[in-house]
Amino acid sequence: MDKIKETLHQLFDDFQNFEDKGQKATYIPELAHIDEDLFGVSLSCLDGMQISLGDATTPFSLQSISKVLSLVLAYNILGEDLWKRVDVEPSGDTFNSLILLELEMGIPRNPFINAGAIVVADILISHLKNPEEVFLKFIQELAQDTSIQYDLNIFHSEKSVAYRNYSLINLMKSFGNIHNDIDKVMDLYFMMCSVSITCQQLSKAFLFFANDGTHPLTQQQILIPSRNRRINAIMQLCGFYDEAGEFAYRVGLPGKSGVGGGIIAIHPGLYAVTVFSPKLNKKGNSTKGMAFLERLTSELNNSIF
Amino acid sequence: MDKIKETLHQLFDDFQNFEDKGQKATYIPELAHIDEDLFGVSLSCLDGMQISLGDATTPFSLQSISKVLSLVLAYNILGEDLWKRVDVEPSGDTFNSLILLELEMGIPRNPFINAGAIVVADILISHLKNPEEVFLKFIQELAQDTSIQYDLNIFHSEKSVAYRNYSLINLMKSFGNIHNDIDKVMDLYFMMCSVSITCQQLSKAFLFFANDGTHPLTQQQILIPSRNRRINAIMQLCGFYDEAGEFAYRVGLPGKSGVGGGIIAIHPGLYAVTVFSPKLNKKGNSTKGMAFLERLTSELNNSIF
Amino acid sequence: MDKIKETLHQLFDDFQNFEDKGQKATYIPELAHIDEDLFGVSLSCLDGMQISLGDATTPFSLQSISKVLSLVLAYNILGEDLWKRVDVEPSGDTFNSLILLELEMGIPRNPFINAGAIVVADILISHLKNPEEVFLKFIQELAQDTSIQYDLNIFHSEKSVAYRNYSLINLMKSFGNIHNDIDKVMDLYFMMCSVSITCQQLSKAFLFFANDGTHPLTQQQILIPSRNRRINAIMQLCGFYDEAGEFAYRVGLPGKSGVGGGIIAIHPGLYAVTVFSPKLNKKGNSTKGMAFLERLTSELNNSIF
Amino acid sequence: MDKIKETLHQLFDDFQNFEDKGQKATYIPELAHIDEDLFGVSLSCLDGMQISLGDATTPFSLQSISKVLSLVLAYNILGEDLWKRVDVEPSGDTFNSLILLELEMGIPRNPFINAGAIVVADILISHLKNPEEVFLKFIQELAQDTSIQYDLNIFHSEKSVAYRNYSLINLMKSFGNIHNDIDKVMDLYFMMCSVSITCQQLSKAFLFFANDGTHPLTQQQILIPSRNRRINAIMQLCGFYDEAGEFAYRVGLPGKSGVGGGIIAIHPGLYAVTVFSPKLNKKGNSTKGMAFLERLTSELNNSIF
């Protein structure tokens, strides 16, 4: 543990001089307002210890990281039937491509590309009375922090420019893989993306993934172990759009990124770690965050491989 | 260890009654002659213990599992420059598709689809005097068994029907990503696929992947730890053609399959395990082998996730 | 002329026994109500003579044939600038595919696939005050018949199931190739498709295409000759979705089909001919209509080639 | 006729100042040696009159224009059975793409993309004793000129760099759509491409296409009228790779281009015209040739549409 703490501090210092060639996400107008020099790190261990550095208490937009948590809810509702509606294969395509979706008759490649997460939102609407409320409460409980909220500015901003996502859902609806009203599904999808969260909150919220599905601080079982392993596997293979191989290769941990600049990574049995830095590479993943996690697992000599 | 042994025996018994809906590979005429009821398992531990069951000493055709070992050789020759010639992303396509290869200008998605392994063979020819000899000796040393040999019947049989592989290499040559004579490269590629090997030999040969790159029995460093982790990561993401997600999801270990009916899987820090059963599913992976490994990690409760 | 008349009558008799293996369009619920045994033919000559047979005065749904007339309006508005928004190449794909549209950054292959006609509708909205009124009046004048009307049942029915078209327009909007409100554009598009028309009206309305762009009965110039030739060329290459080659090969005339069962074909310098029969082949073209026109040009020995 | 003659001379003068932004084909080394300022035109009328201007007697490489003549031979051998081996739809892709070929199981889109012409060559080998001799004699007779010969320098040069064509034929062979030895088929294909011919010879050789299939000078029937019309239709839809629409739109005549810089166009009932100028646009068609033919049909006001 001391080794981790020391390494984190050392790396955090080193990364003050990181030459960041990334660009802030601008396609969601509201995201463009963020201070691009923000940089936060938070690592939570199974015993409850948490190391947080830099802007670890500055909220950012959860975005695609929300896809992991909505998947947990849907998986617990449908069980293995879930996989009739969405596959578990890497897509080899960008996060919002329509090509494979058309060739494969409206069944998204995996739950972490946009199309897949939209199907997951559709499932939540079919089975929950107040899915928005349920989802928010779920995150609050995982992070043990009721101050986590939706950001309606982000919600409206994202919705106003989301033509490609509407293209995806209409295509899936034409194949019969969306059961509810399109606007209702998209609203839930955008709401879940809009959650405003900090590194500290996030690394705590994802800790159960490192503990076979049981939250180590509350002892609540969020997922049974086999399902927990399976979602970790999907994160490993599909968590970084068409850069999943690159992340596995460099970092060697299951994880998930979002265009808000956040990345979460899990070391099963050890920790959950969050990095936040708004500048993104061309694949939509935080440049500094990727580089930081690569150095971290390299220095600690502990990827899962 | 006793737990592993006991579980293996129990599972092996259970799988006597496995209803196998797979089909033997028939596209390579010589492969069609194999007895389809063969079933072997061998698990090697870091301490040198080996548990072998059923037809674990019956040789089968290495086929695509050879791609992992040729990659090791090429990686040690070129270092990170290797990745200029082949990418590390899952393909989302079948093992011999030309579509992505054309769209991506002759750079194969990863070293475990045919196109990628052909580029690896091209590299070996550029840098080694007798690549065929080097490759065979490499396996023999890893398995500590000089009886392992090429099977020229398989070699000639595979070569005689390999139009699609010739299509792939010609396409890459047109993009400048093949530097040597096409026939020479293909001959090496088919030779490496043709190696005849047993489960026992194979689980021993792959043991270094579970030990940070150092062979536990000879203490020889085959790969430095960072490269070892990286190849494990690539096996995890790309080891099962367009079923890599399914394998990660069900088994949760890095691994590699071949149309000869073999599957190798690695649990870093613990063991290497080989299963051999000739009937394949539609994706070209051994049905019984996949099912057996799923049950194994499930019973042992130890995927890497 | 007598030759044409005689041949038409003879063929029409022959086709009473045509074994039709096609199927009515059912994806637009309202279209499914039509009597599938209807069969009408109307041929209009430049001198105003018109030969009509069978159900030539029974109205059917114009559907995609409307794409030719909306293109005429847009072409006269934008001139050659039109082709910055839509290309003139055959698509080689089905009428509603998204694949090429994504690869080609939201520029539709041609104005006769759905995406292209939606862009044309967008242009009409940008430049006309009452595009719906203008379009209807345009057809009425061409056919010299003010009884031609929109069919609101068809309009609403088509709109209610048009997820794939909404997918197309959202994708184009994401690429910046739709300038107006999505619902407004789609409403115009569906209205134009919904026009109810007879074979007699239609063969008269399209007669100017056979006369270098000038309506032979009113002497009004609808298109200047060079543009008229160009639209004929586009009909020849793109008028039958992914069966354009087949139609050119068999019939040898420029033309356009619709899923309402109508086909219009033009012999420049001679005539415009309409066939109507609701059963469609798998490509969405009237089986009997295609066969009839093939026999017609074969018997008359007069394709344009 | 005087009108045509006058227009041709006038245009030819105008095009002396044509600013040509094209580039000579360089991928076939031997083609790169040609004088890029060559410019020849030859128009043959049904009555035998021929107007030739500029470098109309300088030989150039027939290249893809040969695909039309080999198709004629194969069509006369197999009749309509030919279309089981190759389709008649525009490809919407470049001339040597593998993508559609893979998706469509080895059946080429049409006989004028490389894959299609390779299948045609395979057919000629299956049914003719000396296909090379037959093909050359066929051209010589059509052009009434026994001086037309294969150019072995071009043949060897093209063959030495033809990796992509070998990729295509291997892919088709893997689907069972090539019946003969790959090298034998490719040799015939390259030989037919290598024919050295002049504008004068070529416009005479293609004259039967403008005369319902009968050579107007020898009265020999080369094709029955229905087949002649069909090949004209295929030229119209597929004669210019992925620029067929553009050519139909601008020129409005069936035709075929080659990377040797030649273009042939047919006006059924009137004439065959050849233009030769080595600089090509990005699609592989002669820039000056395309522009010249556009002006020609525009001035003469006589496209087929």
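When the chains are written out, they are named A, B, C and D in that same order, and each has its own residue count from 1.
As a convention for this text, a residue touches a chain if its C-beta (ideal position, glycine included) is under 8 Å from a C-beta of that chain, and two chains touch if they have at least 3 such contacts.
The model shown is predicted, which means the values in this text are computed figures rather than measured ones.
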Most distant chain from chain A, judged by the mean position of its C-alpha atoms: D
Interchain centroid distance [CA atoms averaged], chain A/chain D, Å: 55
Length of the line joining the C-alpha centres of chain A and chain C, rounded to whole Å: 48
Gap in Å, rounded to a whole number, between the CA centres of chain B and chain A: 32
Two or more partner chains touched - positions in chain B: none
Contacting chain pairs - touch in the sense defined above: A-B, A-C, B-D, C-D
Footprint of chain C on chain A - complex, ascending: 97-99, 102-103, 163-164, 166-168, 170-171, 173-174
Sites on chain A touched by chain B in the complex: 87-93, 100, 109-110, 225-226, 228-230, 232-234, 236-238, 242-246, 248-250, 252, 254, 268, 298, 301, 303-305
